[in-house]
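Quick one: the structure is below, and I'll ask about it shortly.
Should a chain be cited, it is by its letter among A, B, C, D, E and F, assigned in written order, with residues numbered from 1 in that chain.
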């Protein structure tokens, strides 16, 4: 392990908490993968608090270590990984202006040549991130979530956290035929999102089908649909059952377990990931901190997968 | 959706909390299904607090929406559903007097022609409810629970929350041959309840058999036993594992998951339900509110099933 | 006590929770004092959650009773008091639009002839309320708070919860010479608010002066400044020390006690109150519910004072 | 310190928790002062949980030590003090039967020659305790409380936790002229208790008068009223402000501080105490355990005072 | 049930909490199985608090009862089981000295002829326990854990809670060929422990293999490896997923469920257990007490298994 | 405000948390005052967790701002203040070795010419800090605390958190005649610490005397005793009442309020402070985070005072 990752060897409760205890730098050009916080929850129509997500995920991520127990990958020996801090937001009371701030920040990351792995924030942030990174045409999407987030409008807004993936298709950022939505469940007041996902060609795997197919079957289906072209991965923590991830704004009972999520992530090795996020961890509702730990661990799982993909493409 | 259910479209944190944000009315004659709170825990021999259950379940039920994601049923477009408030109790320090108050209230609901779907309260409330609604002879029972609740006596009382279903058989309210008890587990100091359930002919599915049979197998067994005649459904939240439902008075580890419970409920479509309850949610022990959410969601699942059954019988 | 207030006699954990268990009505014309929830926290620049304030204050307010132990007033026998529900908000992601929704709602209350007593919500709500009720020229203000809330702008917005009283002066809603700000403390990054309050003529009583003067001295000073003309009272719960009110977005240690706040409120009997609010109770940070109880009790204290004033003016 | 109190020297987190880590014995005849748990909350009309009080107070009492920092008394070197366990209750669902169980247990303590110092349990327990120990005619009472507990009836019962001291007067256990009630506050729905306390001759010191008189003034008044004859001391933890004692069933804001309570207790040295209790600690609402610590410390303060009195009378 | 176990029939919230409410005795010679607390966490390199484990497990163990619902064993009618209290520790700031105190205490238990079933404490305690009981040559080990705990050194110490089983092999207390480590997962900074377990011949069942084999397959493998000779069982509570056991110092997501753990334990009937422990329950991180309940229940499951084995060997 | 302190203007929930959001640097030579974390609780004889103190105090310190509301000082415009991170500890299981690590780190800070302001950790850390900074002969001490911490030995150790100030006198680091201990209270098992403080000439102000003298009187007494020579300030958070600071290892009820502590600190302007610490904040027991906020605010108060003193001496 190189010297700059030695902080990982210190007692876990010590030191300034960066993501995974990686070095903190505002210069993404020195990085292959940039870990980013997006402390924004202004587009949340229900319980707020995801603005506190990046800080608590950073805190919990001190519990992470380096060598993955299944893949035996040490991401830090294969790639340069660092924490570039949080997106600065000048207008936190204005959703669209904040989305512009987010896009601007990610463009710098992209220009610097680093892939972004982000901690939200509410799910609305995936849209401005995609605006920055899907610059070569529409990309695919693997979305783990309880909700489709393809509504047209919510509480009078087209940019709430229930709408990002519809906007992304409309804006040519996502190819709906290469979108898979996994773990969906819960009643709706309006079938508009179900209809949109179905009609635009997205593949929706409700949690009941997830149970039927099993992790392996779902993974096979994902590979079939998203193929080898660039993909974004978005993990809404409410894809998990609230027993595993209670600290979120819109929990839905009957979700997947942490272990299922981890095993699923590992099956995505080899995909062409151009970025990923873990969103909707809401610390004020995470009374024992367990959701932040889940979020941090999923970021680590995704990091290992991204590194492996990046590394194989480099060769 | 009719106008009176429009409150469901408001932000979830707004408004006076009724069950599922349905209209509040004390007149059950306008309803097909009456949602009722029974804030009583005076028959609890262990950790109290279920008296606060109805209020917190109502609070959490604002998270519910209308169209079920599996059955595609919107219960509010098929039936008239409303919240008739809590049972008034004049003598909360006297178990038997309170049971009489409960029975009296449910008789009015029944007389008005509505089916009751209740939130407890401790499990003792199922007995006075059955006294009001099992007026045409013994009915069947589907009970999800960690405990049999067929003791003869507990802490010197014949009416504690460990005894309701033995009393109900003795009083001719339940036909033990049409009783299924699912998810049972945990040590006992006295085999009396095991013996009673077995000897009276109840079908006891311990959690280990539940695992062996799977949801589908259990559902088949339930249908075989309870048949098409009137049935009451009683869901003690401690049937779930405490990871899913920690906020209860007598938790037993090793229970079912929320998703298993939901999938089981959905397999009861078509049964002739004449009432149901969700009991033993104890908010003081539900430190993060997750048990109230589980309770509210199970009420919604049961509501959809009851509506569907009612609707099919109407035709 | 009239029949409609009999719900207050039921066990405190029962029933649909309205403010103080008063009757729920959307028709303010039947009321002298309207209790209102404003579940809005979209102008909060720090920890969110005050959107959940009205619901939890209603919940806690079931602990209230009718006859005040010091003044011996029973507000319900002197005036008609009811809960008119929450302000409907059509555009919760747009601060200014939501402020318009709030003003519109309060205009209806005012038109109906009722005085508003509100539960927030963040402190930004006082501005749109004043727009509706300060229609006969600038009014006075008694503000209990840790912060002046007279900044010109915060995080790029002129309508954040740190700005309402500057806007109110600018809009001619408040007469700064009749404004008293009590309990102020905590460091600032910018002296703009201190300067504005001082230069516009507001009377600022920092907590250190509060300790010196004592409750009696402060009350005398308040009477001297606000006089007998119409006054609005705004109680930001962070005026209290976090030991008493931890559940708020911007706690500042070193505040007043609950008892000091109560004794201060009672000394305001006889003032010409045209409305009041209790704001910034943030349930997600109120882990044991004590702040909601403080908020509910302060609403009751203020209610008694408003009723008494109203009653004396009626005569 | 005698050998049997050496357990107090072990690390505080070790060992089976008895009250103050005194020896556990069922034989009160070896004791001067018997520490007793009364885990009963069946007479609570609001939030339950005080049944868990004795266990958590025992747990917290491991934090206690032996030599008092003001009086320099070591109670264990002056008297024999032990934990006699909890009152066995045969009929926990029947208030009056449980009260008989309590009285029977205390009669044995009294017969054995020990003075009881008890941890509740709800406030109803003071009545059956007085029945056992006030056998030589009516005694005096020092009551610290937010509520008078002299109602005639509550929720249909004459034996709820709101009634014990009226019953005690009626039964000739208390001399109302030698009763002082301190810290009273909070609204009422019915003036019956205020009237009863006043008319029977009890001295009621509302919290506002407490503030005016100060600890010293209150103590002087108490000495004047209760005199040198036998007195019972009953400390309802809700006499304290909820900032100090949140874990109780019927909190009222605006109460005294822990330090005021401690200083008051110490001023009762020299009184002729024949027993005492600390009641209404409700662990399910005591989310951080601080109320149990306050309860344990107040028991220690009272113990020191009882020991000192007993010791001086012995001489 | 013999008289001395009658305390189990009392309400669960009453009485001085011993393990399972068994009799408390310092004389192990009257016991077949001694329940022991080891309140030590001085070897914890991450989040502390396991020192409070024995007390809270005792507290939660009042929820246990006597007759096992699957095996129908009543351990108390087959063997003499009692609580011998906590290990006295004279030098809690010195790891090695404390380990000597632990060994000395267990030697007395062993000399008295009782088998120890312990509640930790951190995992370092297994080493000094093995020193006392593996006196006839190396024994086998069944370890349920997220971590191997076979590091050579951690934070500069050879006796941290990450090293006990390497030390035990080196000291001839364990036969690595008869060691099975189950549920292992989580990244590492250093492969030393993986290498040591593998090279010394221990059988490591990572959680992924656990999922593949199922409880039955794992149990078969365990029986194959450990055989019929003496075995020690060590259950680190972090073997469970944090959804089931959040209250621990080094949680790793993706673990087994409580029910899987219980079913696994029951399959170990017939093994020759000479002792067992449940470690790493850390109450300060167990905000709702559920981990202590899991710990207590697993102790009961293990007790039943030990009793059965002991009983069969007696015959 | 200089550019490097601009991070204080960002939303409080954003960014990597350093103390007060000052710049992070490992080079103390650029600083006048170095903010330091000492995440060590290995000398705690009761409830652990202070190792997590620095991290949570840093987290809460984002709530701080720059200009003090009473003194109008902006410490960042007068001095260079930065966060130099946590003390690296190589041997966290060995108290004396860790103390050596602490001393070595502080010697570097001192050599670089910066004054240290530290966040603990348990109170044992004050000793190794004094070893590094009291190099020109014994210094004075202002200690706010519930406990004297002048025991000779605790749990077999001379270096526990109950002993640092006796050791410091013995080692010639403190002049006992210039030591004031404020807020002391709570029973003891052994009068040794009381005796030592008294006999060595320390001035002990028990909380009762604190109440009598008032903040002003205590401050006068402190000035009289410590004079103008170099002084160290040590603030044990348990000096506050647990209502204000529940998150600590050895809480004692009956302490001072936050406001009293703040007002006392401000009266120490002008003293010759050569260093200070805030210790014993234990996040695992700080369930709502309020103690970390108090700790952070007290650090800010002390910082302002240190800056002012430093600044006046510079001139």
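We take it that a residue touches a chain if its C-beta (ideal position, glycine included) is under 8 Å from a C-beta of that chain, and two chains touch if they have at least 3 such contacts.
Values in this document were obtained by computation on a predicted structure and should not be read as measured data.
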item: Which of A-F and A-E has more C-beta pairs touching across its chains; value: A-E
item: From the options A-C, A-F or B-E, the pair that copies A-B, where over half of the contact pairs coincide; value: B-E
item: Most widely separated chain from chain F, with each centre as the mean of CA atoms; value: B
item: Length of the line joining the C-alpha centres of chain E and chain F, rounded to whole Å; value: 40
item: Whole-Å separation of chain centres (CA-atom averages), chain D against chain F; value: 38
item: Whole-Å gap separating chain B and chain F, where each centre is the average of the chain's CA atoms; value: 55
item: Residues of chain A whose C-beta touches two or more other chains; value: 11, 13, 45, 47, 51-52, 89, 92, 155, 241, 243, 285, 287-288
item: Interchain contacts (touch definition) - all pairs; value: A-B, A-C, A-E, A-F, B-C, B-D, B-E, C-D, C-F, D-E, D-F, E-F
item: Complex contacts: residues of chain B adjacent to chain D; value: 41-43, 45, 47-49, 51-52, 90-95, 97, 155-157, 159-160, 284-285, 287
item: Of chain F, residues touching chain D in the complex; value: 45-47, 155, 184-191, 194, 206-208, 211, 241-243, 246, 250-255, 285, 287-288
item: Sites on chain C touched by chain D in the complex; value: 1, 8-9, 11-13, 63-70, 241, 243-244, 257-259, 262-263, 287-288, 290, 293-294, 297, 300
item: Interface residues, chain E side, partner chain D - complex; value: 10-11, 13-18, 24, 37, 39, 51-52, 54-55, 58-59, 83, 85-86, 88-89, 92
